[in-house]
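Both complexes shown next keep subunit A, but they swap its partner, so subunit B is in the first and subunit C is in the second.
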Partner chain A sequence: MLQLVLFNVFNGLIVGAFYALMALGLSLILNLSGVINFAHGGFLALGAYIAYSLMPLVGFWGALLVAPLLTAVLGLAVERVLIRRVYGRDPLYSLLLTFGLAYILEDLARYIWGAQSVPYPIPEALARPLSTQFFFLTGYRLFMVALVALAVAALFFVLGRTRLGMRIRAGTLDLETVSALGVNVRVLRNLNFGLGIYLAGLAGVLAAGMLGLQPTIGTSLIMPSFVAIVVGGLGSLPGTLLGGLLIGVASGLATVFMPSASEAIIYVMMGLVLLVRPRGLLGEEGRLK
Partner chain B sequence: MTRLQQLGPTALVWLVLLTMPFWINAIGGYTELASRVVVMALAATALNFLLGYTGTLSFGHAAYFGLGAYGVGMTLKYLVPSTTLGMLIGVVVGTVAAAVIGALIVRLRGVYFAMVTIAFGQVFYFIAFRWNTVTGGDDGLTGWQRQPIDLAGIRLDIQHHDVAFYYLALACFAASVGAMALLLNSPFGRTLQAIRENERRARFLGIAVERHIWLSFVISCAFVSLAGTLYALLNNFTDPRALRWDLSGNFVIMAVLGGMRSFWGPLIGAAVFVVLQDYVSSHTENWMSIVGLIFVLVVLFFPRGVLGLLQRRGPA
Partner chain C sequence: MSDADRPAAPGRRNVLRAALAASAANLAPPFILSARGEQPVRIGLANPLTGTYAAVGKNELAGCELAISQINAKGGILGRQVELLSEDSTSGDAGTAVQKSRKLIERDKVDFLLGNVNSALGLAMAQVSNEKGILHIVPGGHTDAITGATCHWNVFRVCNSTQMEANAAAQQLVEKAGRKWYYITPDYAYGHTLQAALEQAAVKVGASKVGADLSPLGTTDFSSYLIKAQAANPDVILFLIQGDDMVNALKQAVQFGLDKRTHLAGAQQELESLEGLPPEARIGAWVFEWYWKQPGVPHVAEFVEAIRKKTGKVPTARTWFGFVSTWSCALAAAAAKSLDAVKMAKALSGMKMPPEVGLVPDQAFYRAEDHQFIASLFVGTAQAGGSDPEDLFNVTRVARGVDVAGRVEDSPCKLVWPS
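Let's turn to the complex of A and B:
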């Protein structure tokens, strides 16, 4: 029993790490540009498929390095051509635009790589269990947790210590003033979008090795990411991280005790948080609008 | 616009709707398609009560649509073979769920409201998806059929006559849009529009903004669940896709495509969308891309919808 609980908590932690990685990207874009990027899941899937296609050429590690970058470049282009046009308009339009994009990206993945799930091989060295008693502690799982932790640390470093990050944070608080101070807001939003998409691509590459790769991989991860943002607190990146991990673990625990509720439980958590603390666990006051 | 000027288009709309079963086959459609247009038009009009007239963006209306669908399906399958009772239960279930969830979310606005509505919609999707023994899971709820309706000694055989079912759907549509039009022209409806135009000002005038938005949400969801019951009856079937987020998005695009600032806009949008989807999905496997493209094109080029294009400065 203990083993089962530990297994599912650990599993939940990993899935929660995916949610968090994805939700952080969503949060970045939402906070600076006021756009909920429904197509985030589509970019995630695209990142995974790009890695899948690159793997025969550059190997697992090369794909892990290159695919998220390529996805980010794609994100930069999409922002320039499409997303940019809906900034400052009624949020309805950004939702509809990214909604349509999500449809197109999912269909594109299906068209190019097929509707069936494809196997995503991981290196032999990472696939072995590290301990016979805790069979679930494979190298790949530990590696994923470490890599997500590293990515999150890098993100917070970029936001906290670099010029770009400071501008993003400042823009989140007051974009107009940042613009008046001579920062090119168009470029800032573009780079910020690319950064968010990079995280989605990275989450996609990692998730493919664990969950298998199919065109709907993105849509199955995006809803929990919304929940992570709401639970963690609107406008707060540490909150988003916390929210993602929390709902991951909760869903893992539910798998042990009531498997049929393993998906529904995170929405129940969201309801509870909204009831008790509408701004979310670490959310700032006045971010609800 | 004077009353007389308004009467023309309205009369035309009803003329087209009332005669649709007689000419839809001639132009390459079929009766079921006509019914689907009316049902989706009801859903889109109901959503627009919230979206266009209260200015609140819900991306989760499929949840209540699906609850209505499962409500009627499960009543007919497990409880009593009565279409009217099933519809009543379906609407009640959808409305109660909307009342509870609405109370949780009325304090959120804009994108956050949209995000939470869509996330909450997924609860019911997963319940329907997972609770195999009762809901049929992914395969959907089968093994039931709509039953003839006995009304004051007259038997309306919607079970075997598709045209009869069309007129039932149209009657529900007429009653619902009539009720919504009345509400929108009442002081309550004017208040909703005031909130849409300037929420802060409405609040300063002493209007209970949250309660009004909550009421508008519940009313809108009640009519959407009615549309859901009709949709399930139309197909004699329902599955978790009737609850899923992509359907919510489709409702929104129908309203916007037709023109969300005009009362008949959602009807036009629903007709265009349903017919187009029917045509595209029978001609190509990649209909998702086409539908996605419609979303993108509408946002970029027709943000005010078909009717917005026609009436340059239309009344709200």
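Let's turn to the complex of A and C:
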């Protein structure tokens, strides 16, 4: 029993790392632009399918590199044409817009690549467990966690050490002042959205190697990411990371004791956090206007 | 700018001509002489075209469409042409399915209702069709209740009940996989009844349950389930989940190398799921409800050819469900010589299917007592690829529907006909 619990905690961390990757992208966009991007799952699916189409041409590694970038370019275009128009309006507008966009993207994937799952092969070397004892620790999953860690490190580096990152952080706190200081806020938000969508695309490519690739792949992964943000604390990227890991572990542990509640548990967690500490675990007080 | 550079304007005369042609087309007598200005017979289909079950829903639709074109080529229903009206019921929203069914019946005045892939949606639709007194055929919703506890005089079901699937699968599981079974079961009507039926069948073949977990529909990450199942040290992990869930779970199980430590198998498996899996994960002992490779069975090759021409792929069990359901409408009307729902339902009760509709080795028929379609089930193992890239299942035994359907006396179904 103890072993089962330990296994599931460990496994939950792996799963949670993946949720965190998705949630970080969502969080970036939410923090700077105040847009809750429901279409994040759609971009995730698109990233995965682009990789699927590219794979015969550039191989697994090439697709992993190129597909998220292409998805990000698509994100930049969508922000420029659609999302930009709802900044500063009632949140309902952005909610409706991205909600509709989510459906459009899902159906677009269905129209182009078909409704049925397609096989997404991964390199032979990654496709097997590393030890017989810890059979859930496959090469691919380890690689995924490493990549998530790398992406998170890179993200925090960009935010913490570069001019762009500084502006994003400043804009998150007070966009008007940043704008008054001569920073082009339009470009800033555009790039920030692209960065968020890049993370969605990356998560999509990674998910496709582990799960079945179907048009609904993003829809089923989006809710845990929202929960991760709320649990971790709105406005805090480290909080989002923590939230992702926590719900991964909680969901895994629920499977040990009451599997049918493995989905509900993350919402229970969210409810508890909202009751006891409404700003989230690492959220700053008064951040939510 | 010369005239030649200018884009061709429609021109007054051309517009007038087009208008005249359009009105003439409206006035022209209908192409079918026998129709004599009558409305076409309408078949309404409310089935998933989006969501988890979109792929299987679309295959059922393709089967329906092929049947419609065949029926029309043979003179239609009672001499009238047939038209299919298809609506997206969504994959899991019973409210939408009911609303679309009402629209088909009340506004479009369909003579027949078809659907649904999702058992729960099928049950909800059956309530509507029964209230409205419309002949309703459920192509692919498996839960027992549709032809069991909540059966109706006007509702017929083509796919097998979960009980039939369990009975067909049990013997092979013991032979190929062993006696200690661990269930991973989807947490809704279909999964619950399938697991119960398998537990019952297990008693007869001497197998036992070492554990079972319910997974919410749409679960993506099955790693924690697999860890728990493996810890119970079973001979076989039974995957009762379907669709995308099946693909997700099997793919992860094979990446974990569980196929080398225990058996991975189950009852119902579908070509749609196997096609979505990488070759190394196309493994395990399963039951197919229909398979496109049936050497020596008449008319199957023609059916496969027709669907291949239409969709570019071989038919699946889903295509066959849609095909049989639609043909059943035409056969019922022809036998009853009427579109009256009660007369047609009476005619369809106990009706034997002609071989070009049945497309199975055994004589297929609708059981009169509960309106369950009884055909053949295909027991065998999944394979990475056979003689054909789409040959992903190796049939080892064909189970007769009558042998696995259970005794009709034991069925909780009591049909009540309108007086």
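Throughout what follows, the second predicted complex is superposed on the first by the 279 of 289 C-alpha atoms of A that agree within 3 Å, B and C clash if a C-alpha of one lies under 4 Å from a C-alpha of the other, contacts with A are read in each partner's own complex, and residues count from 1 in each chain.
What we mean here is this: a contact is a pair of C-beta atoms (placed from the backbone, for glycine too) under 8 Å apart; a residue touches a chain by one contact, two chains touch by 3 or more.
Keep in mind that what you see is a predicted model, and the values were worked out from it rather than measured.
J.: Overlaying the two complexes on subunit A, which is it for subunit B and subunit C: clash or fit?
T.: On the superposed model, which is not a single observed complex, subunit B and subunit C clash.
J.: So, A:252: does it touch subunit B (first), subunit C (second), both, or neither?
T.: Second partner only, subunit C.
J.: Could you say whether A:220 touches subunit B, subunit C, both of them, or neither, answering first, second, both or neither?
T.: second
J.: Please indicate which partner A:93 is in contact with in the superposed arrangement: first for subunit B, second for subunit C, both, or neither.
T.: A:93 contacts subunit B only, not subunit C.
J.: Once the shared chain is lined up, is A:192 touching subunit B (first), subunit C (second), both, or neither of them?
T.: After superposing on A, A:192 lies clear of both subunit B and subunit C.
J.: Using the touch definition from the top, say if A:140 reaches subunit B (first), subunit C (second), both or neither.
T.: second
J.: Quick one: classify A:278 as touching subunit B (first), subunit C (second), both or neither.
T.: first
J.: Output check: A:260 vs subunit B and subunit C. Expected answer is one of first, second, both, neither. What do you get?
T.: both
J.: Can A:33 be said to touch subunit B (first), subunit C (second), both, or neither?
T.: In the superposition, A:33 contacts neither subunit B nor subunit C.
J.: Tell me the contact category for A:236 with respect to subunit B and subunit C: first, second, both or neither.
T.: neither
J.: Under the contact definition given at the top, report the residues of subunit A touching subunit B in one complex and subunit C in the other.
T.: The overlap between the subunit B and subunit C interfaces on subunit A comprises residues 106-107, 110, 260, 263-264.
J.: Give the list of subunit A residues in touch with subunit B in this complex.
T.: Going by the criterion above, the answer is residues 30, 34-36, 82, 85-86, 89, 91-97, 99-104, 106-108, 110-111, 223, 226-227, 229-230, 234, 260-261, 263-264, 267-268, 270-271, 274-275, 278, 288-289.
J.: Taking the complex as given, what residues does subunit C use to touch subunit A?
T.: Going through subunit C, the ones touching subunit A are 50-52, 54-55, 57-58, 187, 213-216, 218-221, 223-228, 230-231, 244, 247-248, 251-252, 255-258, 261, 272-273, 275-280.
J.: Hey, which residues of subunit A end up touching subunit C in the complex?
T.: Per the stated touch rule, the residues are 3-4, 7-8, 11-12, 14-15, 106-107, 110, 114-121, 127-129, 132, 135-136, 138, 140, 210-217, 220-221, 251-252, 255-256, 259-260, 262-264.
J.: For a test of understanding, state which residues of subunit B touch subunit A in their complex under the given definition.
T.: So the residues of subunit B in touch with subunit A come to 51, 57, 59, 101, 104-105, 107-112, 114-116, 118-120, 122-123, 126-127, 129-131, 245-246, 249, 252-253, 256, 286, 288-289, 291-296, 298-300, 303.
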